[in-house]
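Handing you a structure now.
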Amino acid sequence: MHSVELSSLVEKNQVSLKEIVHESGVEAKKCYQCGKCSGGCPVAFAMDNTPREIMRFLQLSMVDEALKSHTIWLCASCQTCSERCPQEVDIAKVMESLRIIAKQKGFINEKKIDLFHELFLKSVESNGRVHELGLILGSNILGLQPLKDAGYGLPMFAKGKISPLPHRIKDNGEVKKIFDNVRKRGGKV
Amino acid sequence: MKRVGVFVCHCGTNIAGVVDCAKVAEVAKDFPGVEYSVDYKYMCSEPGQEMIKKAIKDNRLDRVVVASCSPRMHETTFRKCVEGGGLNAYFVEMANIREHCSWVHMNEKEKATEKAIDLVKMAVAKVIKNAPLQKATIPVTDRALVIGGGIAGIQAAIDIANAGHIVDIVERDPSIGGKMAQIDKTFPTLDCSACILTPKMVEASSHPNINLITYSEIEKVEGFVGNFNVTIRKKARSVNMDVCTGCGVCMEKCPSKVDSEFELAMSKRRAIYTPFPQAIPNKPVIDRVNCTYFKTGKCGICQKVCMAGAVDYSQEDKFVVTRYGAIVVATGFELFDYSVYGEYGYGKYPDVITGLQFERLVNASGPTMGKIKRPSDHKEPKNVVFIKCVGSRDVAKGKSYCSKACCMYTAKHATLVSEKIKDSNVYIFYMDVRTAGKGYDEFYNRTREQYEANYIRGRVSKIYQKGDKLIVRGEDTLISRPVEVEADLVVLATAMVAQPDAAKLAQKIGIGYDKDDLYTEAHPKLAPVETHTQGVYLAGACQGPKDIPESVAQGSAAAAKVCGLLSKSEMLTEPIVSEVDERACAGCEMCVPICPYTAIEMKTISERVHGKMLERKVASVNSGLCQGCGACTVTCRSAAINLKHFTDEQILAEVNALCL
Amino acid sequence: MSVNEVEQKWEPKILVFACNWCTYAGADLAGLGRLQYPPNARILRVPCSGRVNPQFIIKAFQRGVDGVLVAGCHPGDCHYTTGNYFTRRRFLLMRRLMEYMGMEPERLQNRWISGSEGPKVQQVITEITEEIRALGPNRKLRDDQWNN
Amino acid sequence: MKYAYFPGCSLSSTGIEYEMSTQETAKALGMELWEIPEWNCCGASSAHLTDHLLALALPARNMAIAEEAGLDVVIPCAACYARCKAVELAVTESKEMKASIEEIIERKYEGKSKARALLDILANDIERAAIKEKVSHNLKGLKAACYYGCLLVRPQATGFDDLEDPQSMDRLLHNLGAETVDWAFKTECCGASHPTTKSEVGLKMMDRILAAAKEAGANCIVAACPLCLNNLDMRQGQAEKEYNQKYDLPVFYFTELTGLAFGVDPTKLGLNKHFVDAMGMVNQVLKADSRRGTA
């Protein structure tokens, strides 16, 4: 385990720390490291760092560790942490924000998860709605596990739970425009 | 025309080294009203003061200005001096030409001299308008009131009483003793709480100078330091204290059982009861809400069985008004209601209890006779989890502050568990371990090493029932892993919070309280037991979370203050207070709400106008309460209210002089 | 003498209303620490900044003072618990009034200086002196403005 | 009562039975549902992880359309509800946010039209009596573990019931004659999209919930979110295999049970479309009820 030279990080990461605060609206220093978030986190068992550790990274300006952690991708946004935090720190929002920034910086440590959301929004942008079959198949095929969930395909179809074709909304100009406008404002779509 | 004498001090070279004192004295001669002006090496010295006294006589001076150091340094010195010279003590003003001049303008001698001249000029202008003031004396009632009969109040009362003053303890409950009476053992010595408390309770009750007024509450507080008129409501006991022998038969025979407050609902008491066996006074009261007789008019068993005929259903609340010289507020604390924590089950899990409930569970005279049995099935728990900071250090759902005593009593509880339950496992979830105090940290380390309590650094996130176990989930932040404990019993170290009606009492007495309704001391460091209201002092946890030794110490500290106050039959009051010119007062009442000391009230005066007697309201200042801040003077629209020694005229004269 | 000469010799004259418990004590502390600051300020002791009647301030300007500083305990630390809250409200109103009268509101200043803040006394008086110097003499209100 | 209706994407596919049962229940209760024309996906579960503004803008468009029609929006899907509520609050709380959102969607939205969860309306708006009188088939025999999931209660700002121990659904089911169990996992997260993207994680999360429901003595789970239902129903078998457990807990939408109690034909409610057989239990309950009726 290599030791961390903290003093140099402060300088180095000033900017990205500001960016994180701006994106999330959360001051990491409010966190007093009690771990209540992580004790109640339903995904913690699968994380490489507990949510508390992510907050700690930010407090110590260890931005890269935070951005490269799988934790920020595994967070299910269930908000339990934020709602139980005794210091009223919106940890879930921090996770979201870190993920958004990580994506920009190209640290994507959970390709499949990212892919899923990527396709999801693509589907929304092109159809105005999500085409769930496309989404599931797509994320599985591109996620290099083409047969995953294949078992569900047929019965789903039989039960009329997925249509082979995407539902489109007729005039979808508007939704496209929403995406464009967000991009115009420097959105991260 | 006033005859002013100006005395310019060199203060060795402190002033003279920068300011041309001779010149200042010289120039001062020409100021209007100045008859005599001189400079000298050390004005505060014996010869210096003699010089002033002499000058007063020789030149028939009636006002004096001393240009020297800060008045905060020597004002009293020179007041005594001019008094010795035969003038009123308030006929002297000081010009601060040292701290505010020579010392801060060392390299600008000329400018400094100019400034010194200005300062003297201002002082002269003011002193001419100084009025003679007398320190008033007010009588001091040699009797103290202690509100609250917990350990802090008891200690304060005993110390005051031992100094020879009469003390009344007003306690809301039927018995004194407070929270300490419920505690089993005390840290760090583990001696039995009752064993050290009950002697004190007995001492208090048997002390010739102490009167216990139990089952009573404060209704109203009027007056001011030395002379508080306090109305006390003596709740109807329904038992005649004078004839009751405390035999206890009534309590055995009473048919209606209700949850015992003292045992925190873990056992029952009767409707006629004493809160606990060693209660003082050990004479019962009837809880009328739960008494069958008072509910239905039937029953009356207690009255029938009482040999002494002490039971008296006809009793009513009595109100008594007593005068006190000083008040000690020692109303203690309550426990935070943890049922706001949904993640801990909203208080619906029977085997999640508070620290105080645990105290009763381990107490030999408690509901389980000292055997640790969990409430749900009365089984002896094997895995016991303690959770610290429940309601403390929690901005979201509780209090922002640290409750201070929990780290120690939780450690104590842990040792008790491992002493009483062989092969038990104790897990303590904590955020920090705060054991500052004599022998405290040693105790904590014993708890870990000898008693093998597992300290887990992390705040518990969730407790839930699984079969007959409680699953406690948190993160061990030192290994950064979520952890779970299958507990049989969970004990919460709930925060110490102010009494639910703390704010109401504070308003009655007129003392300050903070956002958490804890009472505010006059100064956090230098006046920790005083309040901003003269004559009212604080002791114990009503001022902030405290453990027993601190509460006792503060009780004694408050007592010392009270004794100081009561040691004289009269006290001098600063004459620098507001006064109302009744002729000018329009009775608009603007000044009344402004006063932070409620020293201003309206009174009705009658005066003869064109031969007719007319009545009207005017403001009047209670010089006992007024602290002389002058806030009222600014709000007065008819300029009828003025602050002695800092009158509008005096201040304007100074302003005026500055620009002559 | 001619106006110009007056101008050249002109030194800002600043009146400081200091509350007895905080700011006055702070100024004493500055003295003990020998903290040097410009000799333009004259400190007038009042029990509480809440005692300062706006009338005093107007009077001062009328008598030709160039700047006035009202200083007291920090909000919440008032020796009389609430006095300085009134000061704060009055200060804002006074500044509005001065603007209304067409006089630089900066001539009136308000600061909170505790009894332990000697250095702050030095810094505040220094900066205010310079600020007022920059504004030049108070001509607006002084009642002797038509003389000489 | 007339509402604008936002079904959301799932209800037209994987959540088809939620759609069917919502329509039937609404009809029975005389709720008029005006489906927002050309509604678009609210972006739930993805947008907020990509761009905070997009996450507000997508639902804003639907809300805006409803506002033009002067109607509050009723939303069955918990995820959709949370997103729509979020934007409603965002525009009411901040003028700036309102402005920028209106610019992005190029429509007016002032937050006048409120986002309402269908469960909230059924459990808290409609009179207890009004529900009870409609009940023709008492659901006695169901021991339901009401599963609220995350988004109906969290964050507190958008939620409409208690964070840790919500009661709305329990109340509703009691009115239908069903029993509910007291359990600690009502609002534990089921993993959202993890079962799809990262099954080893998602399955574990589901499994803990299924286990807890069983442990609490429930014979079925009732949900209010298509994603939750898909996880707990469709993937229940997978979880059972993974952790070799046997749960066979049918998972219902609360609307299905409401419709059932109101006497709607099970197939009309899509009860035959579940992966874990639901019809078996449904028939039991109906039989028991008719027996009580005749007895």
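We call the chains A, B, C and D, going by the order they appear; numbering starts again at 1 in every chain.
The rule is short, and it goes like this: contacts are C-beta pairs under 8 Å (C-beta built on N, C-alpha and C of every residue); 3 or more make two chains touch, one makes a residue touch a chain.
Not measured: the values here are computed from a predicted model.
Asker: Going by the contact definition up top, give me the pair of chains with the most C-beta pairs touching.
Answerer: Highest contact count belongs to chains A-D.
Asker: Starting from the mean Cα coordinates of chain B and chain C, work out the distance between those two points in Å.
Answerer: The computed centroid separation for chain B versus chain C comes out at 36 Å.
Asker: Nearest whole angstrom, what separates the Cα centre of chain C from the Cα centre of chain D?
Answerer: 66
Asker: Report the inter-chain centroid distance for chain A and chain C in whole angstrom, where each centroid is the mean of the CA atoms.
Answerer: 57
Asker: Mind checking the centre-to-centre distance between chain A and chain B? Centres are C-alpha means, answer in whole Å.
Answerer: A distance of 53 Å separates the two centres.
Asker: Any chance you could list the residues of chain B touching two or more other chains?
Answerer: Within chain B, the residues that touch at least two other chains are 343, 462.
Asker: If you look at chain A, which of its residues touch at least two other chains?
Answerer: Chain A, residues with two or more chain partners: 45, 80.
Asker: Indicate the residues of chain C shared as contacts by at least two other chains.
Answerer: Touching at least two other chains: none.
Asker: All pairs of touching chains?
Answerer: Here the touching chain pairs work out to A-B, A-D, B-C, B-D.
Asker: Which stretch or stretches of chain C touch chain B in the complex?
Answerer: 13, 15, 20, 24-25, 27-28, 30-32, 34-37, 39, 42-48, 50-56, 59-60, 63-65, 79-83, 86, 90, 122
Asker: Given the complex with chain D, which residues does chain A contribute to the contact?
Answerer: 23, 42-43, 45-46, 74, 76-80, 82-83, 96, 99-100, 103, 110, 112-113, 115-117, 120-121, 123-124, 128-130, 132-133, 136, 139, 143, 148-149, 152, 155-156, 159-163, 167, 169-172, 174-175, 177-179, 181-182, 185, 187-189
Asker: Can you tell me which positions in chain B touch chain A when the two form their complex?
Answerer: So the residues of chain B touching chain A come out as 343, 393-398, 431, 457-462, 473-477, 480-483.
Asker: Within the complex, which stretch of chain B touches chain C?
Answerer: 70-73, 96, 98-101, 103-108, 111-112, 114-115, 118-119, 122, 512, 532, 576, 594, 596, 627-631, 633-635, 643, 646, 648, 651-652, 654-656, 658-659
Asker: Which stretch or stretches of chain D touch chain A in the complex?
Answerer: Going by the criterion above, the answer is residues 9-10, 12-16, 38-41, 43, 45-54, 57-58, 61, 100, 103-106, 150, 154-156, 163, 187-189, 191-194, 196-201, 204-205, 208, 234, 273, 275.
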